[in-house]
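There's a structure below that I have some questions on.
Lettered A, B and C in written order, each chain numbered from 1.
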Amino acid sequence: MKLSDIAEQFQLESLGNTDVEITGIAGLEGASEHQISFLFSPNYRDLLADSQAGAVVLRPEDAALTDKPRLLSANPRMAWARIASLFDPAPLAMPVIAPSAVISDTASIGQGVAIGAGAVIRSGARIEDGAHIGAGCYIGESAKIGKDSRIKPNVVVYHDVQVGESCIVHANAVLGADGFGFEFDADTGGYIKIPQVFSVIVGDNVEIGAGTTIDRGALNHTTIGSGCKLDNQVQVGHGTSIDHHTVISGCTAIAGSTRIGSYCLIGGAVGIVDNIEIVDRVEITAMTLVSQSILEPGRYSSGTGLMPGYEWKRSVVGFRKLDNILKRIKRLESDQ
Amino acid sequence: MKLSDIAEQFQLESLGNTDVEITGIAGLEGASEHQISFLFSPNYRDLLADSQAGAVVLRPEDAALTDKPRLLSANPRMAWARIASLFDPAPLAMPVIAPSAVISDTASIGQGVAIGAGAVIRSGARIEDGAHIGAGCYIGESAKIGKDSRIKPNVVVYHDVQVGESCIVHANAVLGADGFGFEFDADTGGYIKIPQVFSVIVGDNVEIGAGTTIDRGALNHTTIGSGCKLDNQVQVGHGTSIDHHTVISGCTAIAGSTRIGSYCLIGGAVGIVDNIEIVDRVEITAMTLVSQSILEPGRYSSGTGLMPGYEWKRSVVGFRKLDNILKRIKRLESDQ
Amino acid sequence: MKLSDIAEQFQLESLGNTDVEITGIAGLEGASEHQISFLFSPNYRDLLADSQAGAVVLRPEDAALTDKPRLLSANPRMAWARIASLFDPAPLAMPVIAPSAVISDTASIGQGVAIGAGAVIRSGARIEDGAHIGAGCYIGESAKIGKDSRIKPNVVVYHDVQVGESCIVHANAVLGADGFGFEFDADTGGYIKIPQVFSVIVGDNVEIGAGTTIDRGALNHTTIGSGCKLDNQVQVGHGTSIDHHTVISGCTAIAGSTRIGSYCLIGGAVGIVDNIEIVDRVEITAMTLVSQSILEPGRYSSGTGLMPGYEWKRSVVGFRKLDNILKRIKRLESDQ
């Protein structure tokens, strides 16, 4: 593929020799002469100067930063997303049903469906047209996998869970395991399990990361709105609802019965407690503990900053004394 | 099922028209005319007033809060646990051994056992009466799954691990992977693996969440006491012991060789370091770091509260200066 | 096996009756008369005094602390690693390819390879000599599993991922799922997926814990250097590089495009943000948030210490007022 082909396909203006052969993409540092790279910000001009890339995509206002063959885009990140798709080595699954898949007679399998080796499709499950079920997946009774969704290997979808269209669920994710609900029984000194009789409803165009777990609900469905993106090892508790187009980074833990709005950006390893509300367009930084509702859009944080260990220990001592510090300041002020 | 049937089955006093047909349960907000709901506290009386529920369970002292058909219970949460079990759509596994399961000749399979498609049962493993092994599970050599336990799909149980009776292990959990133990070898500049020669022992009536990992021990078994409940994506390190009826929320990480007492309530995303002791009836709030032993029952926390980002940054600056703050206050006090 | 056999095999000096029969190892507390135990530090002399162990390994300078049969080692932990390997009950997988494994005709399978029941090996994948692939694993197109590596059951390795020699990957780990990359599309109000066209490269002698996820890269490969040890439920984002012999404890979340040096020791449940640099030999304590580059070796921390809940709440209040505290101290100082 020539650079001119890419320019034409995405209608991008070009500068320099567009006959250069492009066989892939790469970052500025690692790119070689037949790869196209991207300048996302003029801050990286030094990397661009040193880059071996055969071509580069940059903003029109940055066009003078290099003599390389280049494509101009007002949004190089969007151009990246589109150009990368030309060079994605991800194999296409053929619409084949593996002989070792175990499919119930009462399951409904659409047109153009792929089902991998050893996958299990239980009674009443519905795999819609063009959906791909990876090897070793388990799709429970009456669950639905929507049109064109891709379920990667060894994912477990419990009974009744509904996944929308054009979703991606990465390997070893679990949708619809029992929510965590028990009631202490004073008579026996043990815990009684509360049956988790509701399910999980996932919208369209949702991506769910590897090892992520989304529990089924006890008093209402757990819901993930269309366009949401959940990274790896996220945990969503029972009965929680996440509205459309919210993005959640890896290892974030969300407890049950919490309502999260749309277009939120939730960082990695965040903890969100149960039974609270977070409105639309809230941004939460990494490792924040959210233990109360957030009723105004904006950016929120908790925790403390990184410190060398010996200094940090002294600050930890000071933190323990903060109430005492406040009292001593008050006394000093009143003594003035 | 009529409301009167439920009243009779659980010996609950009723008020109003007990002929109403009940086909399921739901929360007050989502319930429809043939669903029964629950008032756990008079704080939710507004939700009750707006609810479409066909019937409601509440405490005798709250009986006047509605005119709906209602059941009286001193403990509506316990009533919920019991009534919900009548309407649980979870399919019952038949005691069938799937033809594609791969079962060693030397494994012992009890009466009424279900083994799902593609499950692997290795030599010397023992699946006791009434246990269910999900599709795609791996039960290692000489492992035991106790009577009536349910192992959900794609769980991996390593060799020699012992699971008690009436346990539930959710999908993609891993019991008995190697503990994390290495010794630096100055001669090679690398790490030598310490063989993890002990195993994992799980008591009775334990529930283990999806994606939870419990490592085998190096110098003693890792043990989970009877009645413990572990949520999703919990990590338990090698040689740690957790005494009976302790409840651990999702994404909590517990390092090795730590001893946790009984009836503890450990919040989500808590971190507990290695080689410490936590006594019985300790409560730890979400995202707390436990880096020292807890020798008195009670409630413990660490971290800081949620703040708008720009205010938080200033507090982080102040935290770094806490040692300096203490010194300055001392100087001010001595200057008085 | 007699104690004298162990002494001879590892060339350790012995004291006392070396005819004692040794059938296993155990910690000082749990050891019985035919087990050998270890004194790692004289701090544990009380445990040694009470121990039922039939023999003990200790440092020459601690030899007088007991009358038991004993072996002397300058490094009892290293002796432990070596002696434990004699008593490891982990079953050896036979170099057998299970009939139910589904292996592409174009996959390359080396000598002495074991492939478990139901494992799937896709086209162009290369399983090198002596490697073991557990039951239910998925090895994607053109992926490589190096010589003598052990892949435990239900691991998913996506296409093109390269795993080096003598690695161990524990159950339900996922290597090479898509990195978390999206670009907001103002035209549609949704997110466009950025194809993750690079892969994951794992060096030699790497151990990867159960449920750990390592994402493939978008602009460069995600790389894990030789000799690294990653515990359970670690998350490594796309394009991140971790240099050789770095050790990462459980549940640590590392975002994308970050560069971590060699010989680092990273505690459990740490969070490391994207696009930063951490130099060699950095130690990070448990649950620290690393939100900036670390350019000097040493020990780093964040967070606060454990406190009883009612005291902690007061300190949290004080933390919110830290900026105000600083201002008030300044005023007091200027008023003097």
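Heads up, the rule we're going with is that a contact is a pair of C-beta atoms (placed from the backbone, for glycine too) under 8 Å apart; a residue touches a chain by one contact, two chains touch by 3 or more.
Only a predicted model underlies this, so the values are computations on that prediction, with no experimental measurement involved.
Asks: Please state whether the interface between chain A and chain B is built from the same residues or different ones, using more than half shared residue numbers as the mark of same.
Replies: Result for this pair: different.
Asks: For the sequence-identical pair chain B and chain C, determine the rotation angle of the Cα superposition and round it to the nearest 5 degrees.
Replies: 120
Asks: Just curious, how far off is chain B from chain A if you go by their C-alpha centres, in Å?
Replies: 24
Asks: Show the residues in chain C shared as contacts by 2 or more other chains, in ascending order.
Replies: Within chain C, the residues that touch at least two other chains are 100, 118, 136, 154, 172, 211, 233, 251, 269, 285, 303-305, 307, 319, 322, 325, 329, 332.
Asks: In their shared complex, at which residues does chain C touch chain B?
Replies: Listed in rising order, the residues of chain C that touch chain B are 24-27, 29-30, 37-38, 75, 77-78, 80-82, 84-85, 87-91, 98, 100, 116-118, 134-136, 152-154, 168, 170-172, 205, 207, 209-211, 227, 229, 231-233, 245, 247, 249-251, 268-269, 285-287, 303-310, 312-313, 316, 319-320, 322-323, 325-326, 329, 332-333, 336.
Asks: Which residues of chain B touch chain C in their complex?
Replies: Residue list for chain B touching chain C: 100, 102, 118, 120, 122-123, 136, 138, 140-141, 154, 156, 158-160, 172, 174, 177-178, 180, 182-183, 185, 189-198, 211, 213, 215, 218-220, 233, 235, 237, 239, 251, 253, 255, 269, 271, 273, 283, 285, 288-292, 294, 298-305, 307, 311, 314-315, 317-319, 321-322, 325, 328-329, 332, 335.
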